[in-house]
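Listed next: structures, encoded as structure tokens.
Consider the two complexes below, in which chain A is the common component and chain B and chain C are the respective partners.
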Partner chain A sequence: MSKTTFTRRGVLRTGAVAGAGVALPTIFTASSAAAFTNEPTGNTVTLGFNVPQTGPYADEGADELRAYKLAVEHLNGEGDGGMMNTFSSKALQGNGILGKKVEFVTGDTQTKSDAARASARSMIEKDGAIMVTGGSSSGVAIAVQGLCQEAGVIFMAGLTHSNDTTGKDKKANGFRHFFNAYMSGAALAPVLAARYGEDRKAYHLTADYTWGWTQEESIVAATEALGWETVNTVKTPLSATDFSSYIAPVMNSGADVLVLNHYGGNMVNSLTNAVQFGLKNKSVNGKNFEIVVPLYSRLMARGAGENVKGILGSTNWHWSLTDAGSKAFVKSFGEKYGFPPSQAAHTCYVQTLLYADAASRAGSFNPCAIGEALEGFEFDGLGNGKTLYRADDHQCFKDVLVVQGKENPQSEFDLLEVVEVTPAAQVTYPPDHPMFAGGSLGSCNPGS
Partner chain B sequence: MDAIILQILNGLDKGSAYALIALGLTLIFGTLGVVNFAHGALFMIGAFCAVTFSKFLSISYTVIDETKTDFLGNPLKVDLTYVEAWFGQSVGGTILDWAVPLSILMAIPVMVIIGFIMERGLIKHFYARPHADQILVTFGLAIVLQEIIKYFYGANPIPTPAPDMFRGSFDFGALLGFDANTIIYPYWRLVYFLFAAVIISAVFAFLRFTTFGMVVRAGMADRETVGLLGIDIDKRFTLMFGIAAAVAGLAGVMYAPINSPNYHMGMDFLVLSFVVVVVGGMGSLPGAVLAGFLLGILESFASMNEVKSILPGIDQIIIYLVAIIILLTRPRGLMGRKGVMEE
Partner chain C sequence: MLGLNKKDTGLLLIVAVLALFAPIIFNPFPSDSAMAQFNAGYPDLMQRFVIFGIFAIGYNILFGLTGYLSFGHAAFLGVGSYAAVWMFKLLSMNILPAIALSIVIAGVFAALIGYVSLRRSGIYFAILTLAFAQMSYNLAYSVLTPITNGETGLQLSLDDPRILDGAPESVGSLPYPTLLGFEMSDTYVMAAGGWQFQFSVGYYVCAVVLLLAFYLSIRIFRSPFGMMLRAVKSNQQRLNYTGVNARPYTLAAFVISGMYAGLAGGLMASMDPLAGADRMQWTASGEVVLMTILGGAGTLIGPVLGAGFIKYFENIFSKINDTILHQWFAIMPDGIEDVLVALVHPFVGKGWHLTLGILFMLVVIFLPGGLVEGGQRIAGLFRRRKTDNDGDGDTGSSTSKDPAE
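This part shows the complex of A and B:
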């Protein structure tokens, strides 16, 4: 004889789970007969700026938001127009996008994948955002990119440097202007070999998540190809604050270069600790010990203070560049906010213009039409020289900057100096490169 | 062997911070019976006392240098500090250089006052409530304090360097007969360890050799009887809260040059410090200090490559693993008194 035990709570729980399960596939498709998700019907169009407003990357998020606000001003014909004046495409008229005034909503990613997805979802479902952009972490970018693909909106990635964003996790609705770990390796390795020689032994400390892994893999491959030996690669927990116990073993490992695959607070602390332990003044194997920080950010370099002096790394863009686009951007940003923009601000501003321009050229807000307009698009005048948005993986290919901590900074912003501009051809890789293998763009999803 | 000595040294400074925070936590728990989750925030505020004091000393006036230009091409505005203008380049420069140690002078009164306001203004109302309520309210307070600091100082770490003479590192290898450069240890971390030892001794001496301390110890053992003797134990316990806050704050001040302060550094230490208190024994001051150093050193050993190659990931769980073993085999902790938290 069977015994059934229905309780009120059990029935409610089962009902809730079943309800959610049934509703799930229709969350993004339940709307009207519109041709695509959030098709603008009035005289405005809403963009969703999803940036870290709280948490450890809040300062970068704040700078991204400043850049987005500036971009919206310029798109709507206010201010001095910034890089719209230097942009090689002249589709933007300063009358919004396709004649619709640009409005925006903001979300807080908190640099947590689940929070970022929730805020992106809310901007798409409640606020009618037709495009989502921003972020300061590859984990977040990959999560939000996946959500935008399901929802049928375009995702214009912010600061994300992991190979996976346009590698194994690439999506048809996602586009990245920022450079990636492979490009850092390809740009940095020749400079390292020229400065420090080809007979070097490197020790890697690596943040234990997607970005750290792909950066370590890229730098190891690029430096070993030039003759360096990799003595050890050690993963450090993302939550680590004191790196002394990871740095101590470096001293007796026989290595003469320490590569810090760290970002944000991790980078500030590991670099500070390494300098405290005298690594910068040490001599091993008859050579000066060297420290390398492959991905630099000026905002982060500030936290490390004097410790960054003389240390090599790479960056996507720097305010001291003298091309017309960079100068126009630094001028409008500097006059509005009183300080120069960061690389995070630059990539976010550029992504907004590129989206608006693609919509204007396509004559539609349909994500598939915009995607088509971006694929294979070649442009110039946005601060990085001639750039290609490659159709195969939606990654931008452009020059990469190798930078060095400045010995005699003139101001609190003057922390890095550009030592080499690596041409785009040198950092370009085939779409089926093993470091980017494993995923496919799939087909674009217009939603609705 | 040299690697082992190096990791013991590494464990000492981490252990110093754990011990100082855990000492304050234990003082508060032992006297007031409150589990204070805002204690990490007090450590963080201490570090920001150093930041604030450095900023205060660096208050400057602007001079326009026509020979140089800023990022927009305008004449460069150069900031000159009043301290250097008033005291001359060399004395002023030395004062600026010694900003972190000097900020102790500011941190002590500030931390005692913050501790006093926290206890009288908020925590006092939760004495009769269950521990869960106390944890919730103090944890909430920690988040509020953290957000206040972030509002004023931003989310990025702020470099707060040690005085120039402590910038380098000491070669223990040469001293102990190993190869030169094999056991290098930064001067400031040595200073931090010695500073922690002085503070810990001072707290113990205060409790041991002063009448005030004796009353507090008596109150910790039997609050009711001390009250019956006509002593206002509450007032003394409030002051102890202030002292515990000052200990955490000083730990934070001196920690600022080791890792650039940021608003969530308190949370990074809080959970580990609680484990330290539990391992040491709830309410036991020597236990807190012993466990602080012990766990600091164990954590350092666990992040050695040789250990990690046998037990991957051990560096992230070692402290909790030790806590589980101690709680299973000796539930009242290493030096815990019988009856504390066992009802």
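This part shows the complex of A and C:
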């Protein structure tokens, strides 16, 4: 099809061009003058808020974004200052971070790791974000955390509950304030034993992906340690919307407790199905049948409506808490938006303040300096009581709330009541706990 | 040149020039101006333009030439990504073996799926491929977690063997994918006046691959094999009656486009070493169909344009939030500013799907041949005017005047 002729001159010319082509990329390796990625040079500093604005967790994402905007206002000295007034560290002055005005960019993760990483990369490469935060699912949080480690910026995780985020996938540049599946189990199990007795038979329905598995593993371990027996654990596909076929076998299994390791829409549907099948009013082995939802959120409770009444679960924070920090936050959030914040909003707001505070204390935006300032940092006044950012795995250790669906809700936001505040000591685990083993933080990466 | 006729050579050259100067062309606004929001010239997005361009070029070989509508092409992209990341984990951070393996694995995978699916045509074929892709997605999401790391996605870790690379020089930080010693993430930032142009190694690697892929696609379009594929599209029954068995041709086209998808997946993993299951979801398969149709199915340049168009919306429009809108309309009086923001609000930020959907409808209704047809019409207008005025010189925009075939 094509005619090829080799001449001495032609070969020489091709060789010269090819040589020049191979040599060309060396000009790209010239390192830039900045000491670390996106070092802020002007009088502003840019933060990247990467939340799901479309997809199954859009509700949580919208609430997270509200909290971020509130945090930025407070950092820049607008509004009433919210939790900055109750925060035990007083490094923040209300003049931005280190005197630089805080600006922000937002992106849509679509609850897909690819889209989340694309959005985070554009924040880092195009908008010059010095820190990325957000996420409403563990898969996305872990994916973006890995990206931030490679790019050399700090990642402050939003709502992510899987053990892996600060377990086998932990990274030196990533930090998590939210609690995890292990903590849910450790907090919930004693309350379950006290309420329902120690000789129960549990049946688990579990969302079939990483978070569901770590959740199930944690709850099984915690309840079996108290003498419960696990009858069966069944995995349900994430896309399932009708759980009838999974609920029916529960009734003939001899189990007297159903644990729903589901989140979001899954939980709303599975709980509704379970209640429709009359499980709540059944009695098995001479005991009243019980349903447990280990990870609760107010948005889920609203979706499930009447069905959540009396059902136990755990949560990171709830707006009905009466400590000074929570009250200040609920007040300024409520004044701005007209309704109380969710736990996702709380953790995102706190993470932003913690980052700003760490930068102020370190006196630098260098990720390594900020990482050092956050590691082993003990603080109070941010709604969860005394909290420790553990240096070994960048996980916060604080009290965990055990909550219950309220029997007589006063408003559409008043759906959960706090049953018990489990002290931090009871949910603390060693860094080399088998459920968290396998990964290593590595060293902090400041980028270019 | 290179066995191409004059028109195709011109097309290839245009694509080459566009690809070479993309960091400048896509950055028309100074970085501190209000319009900088619309700049697309940063490495990640340019890499996405090119990678999805390759994906769509490959898809077009199947859909554009044979007319077989596959709804499961994202599966091959995903398989390619997983293969590449596994090569990074086990063998070496060099991208060449990774990309090679991802093409091979995707090809084998495509041969298996194609062998079964191509027994049917039309809607049945589309549903079969969709079923296979969703099956792969669900397997990757849960059952195959030891291989795919499930929801979290497959990532590099510090204790990967990487047998060819030996011990890492700095313990504690992950290595980057490399080619001939250059890291894909290396970027040279050129500041010129208010502009900041980012020349990234990763982007240029992708651009070279795009050119090769584009060249190969032209050769396939112009070959007797391509002619046979067009015959399948126009009337497969007639082909059967003349004694030609069409299935080997369609299977070959399916495998080739699967390998293109694998190449795109491998490149994607090379630019950003992560492979997630949602890359295989049916929405991702649908996206490549949209890209091809939006750009112009069956044309050479169309799929690349469509890919760029969709990725631009996904990455630029989704990031415009209310704060930015208020900045834009700040010069207006307060009342009007709020009204304008409220009017624009549903179409940007989380509403980017809406804008894209409207544009897609407009294109399909008024330009059934896609963006390429739009370009041809504009070029046609200019050409007529040119003969009227007897003028000469360059006319039309550089991207849109390309001939369809």
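Note that in this section the second predicted complex is superposed on the first by the 417 of 448 C-alpha atoms of A that agree within 3 Å, B and C clash if a C-alpha of one lies under 4 Å from a C-alpha of the other, contacts with A are read in each partner's own complex, and residues count from 1 in each chain.
As a convention for this text, contacts are C-beta pairs under 8 Å (C-beta built on N, C-alpha and C of every residue); 3 or more make two chains touch, one makes a residue touch a chain.
The structure displayed is predicted, hence computed values, not measured ones.
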- request: Could you tell me if A:164 is touching chain B, chain C, both of them or neither one (first, second, both, neither)?
  value: second
- request: May I ask you to decide whether A:310 touches chain B, chain C, both, or neither, giving the answer as first, second, both or neither?
  value: neither
Query: Is A:237 in contact with chain B, with chain C, with both, or with neither (first, second, both, neither)?
result: both
Query: Between chain B (first) and chain C (second), which does A:251 come into contact with in this model arrangement: first, second, both, or neither?
result: first
- prompt: Which holds for A:58: it touches chain B only (first), chain C only (second), both, or neither?
  reply: both
Query: Where does A:121 make contact in the superposed view: on chain B (first), on chain C (second), on both, or on neither?
result: second
Task: Examine A:105 and indicate which partner it touches, taking first as chain B and second as chain C; both and neither are also allowed.
output: second
Task: Please write out, lowest number first, the residues of chain A touched by both chain B and chain C across the two complexes.
output: 54, 58, 237, 239
Message: Taking the touch rule as given, give the residues of chain C at its contact with chain A in the complex, in rising order.
response: 2-3, 39, 42-45, 48, 138, 141-142, 145, 149-153, 155-159, 170-174, 176, 180, 182, 185-189, 198-201, 204, 272, 274, 276, 278-279, 281, 314-315, 318-319, 321, 323, 349-350, 352-353
Query: In the complex of these two chains, what residues of chain A are touching chain C?
result: 1-2, 22, 25, 27-30, 32, 53-54, 58, 104-108, 112-115, 117-119, 121-122, 125-126, 137-139, 142-143, 146-147, 149-151, 162, 164, 169, 172, 208-211, 235, 237-239, 439-440, 442-443, 445
Message: Applying the document's contact rule, which stretches of chain A touch chain B when the two form their complex?
response: 54-59, 232, 234, 237, 239, 241-242, 244-246, 248-249, 251-252, 265, 268-269, 272-273, 276-278, 282-283, 299-300, 302-307, 319-320, 330-331, 334-335, 339-340, 410-411, 413-414
Query: Tell me, which parts of chain B touch chain A in their complex?
result: 2-3, 6-7, 10-11, 13-14, 68, 70-72, 76, 150, 154-159, 161, 168-169, 181-182, 184-186, 188-189, 258-260, 262, 264-265, 268, 299-300, 303-305, 308, 315-316
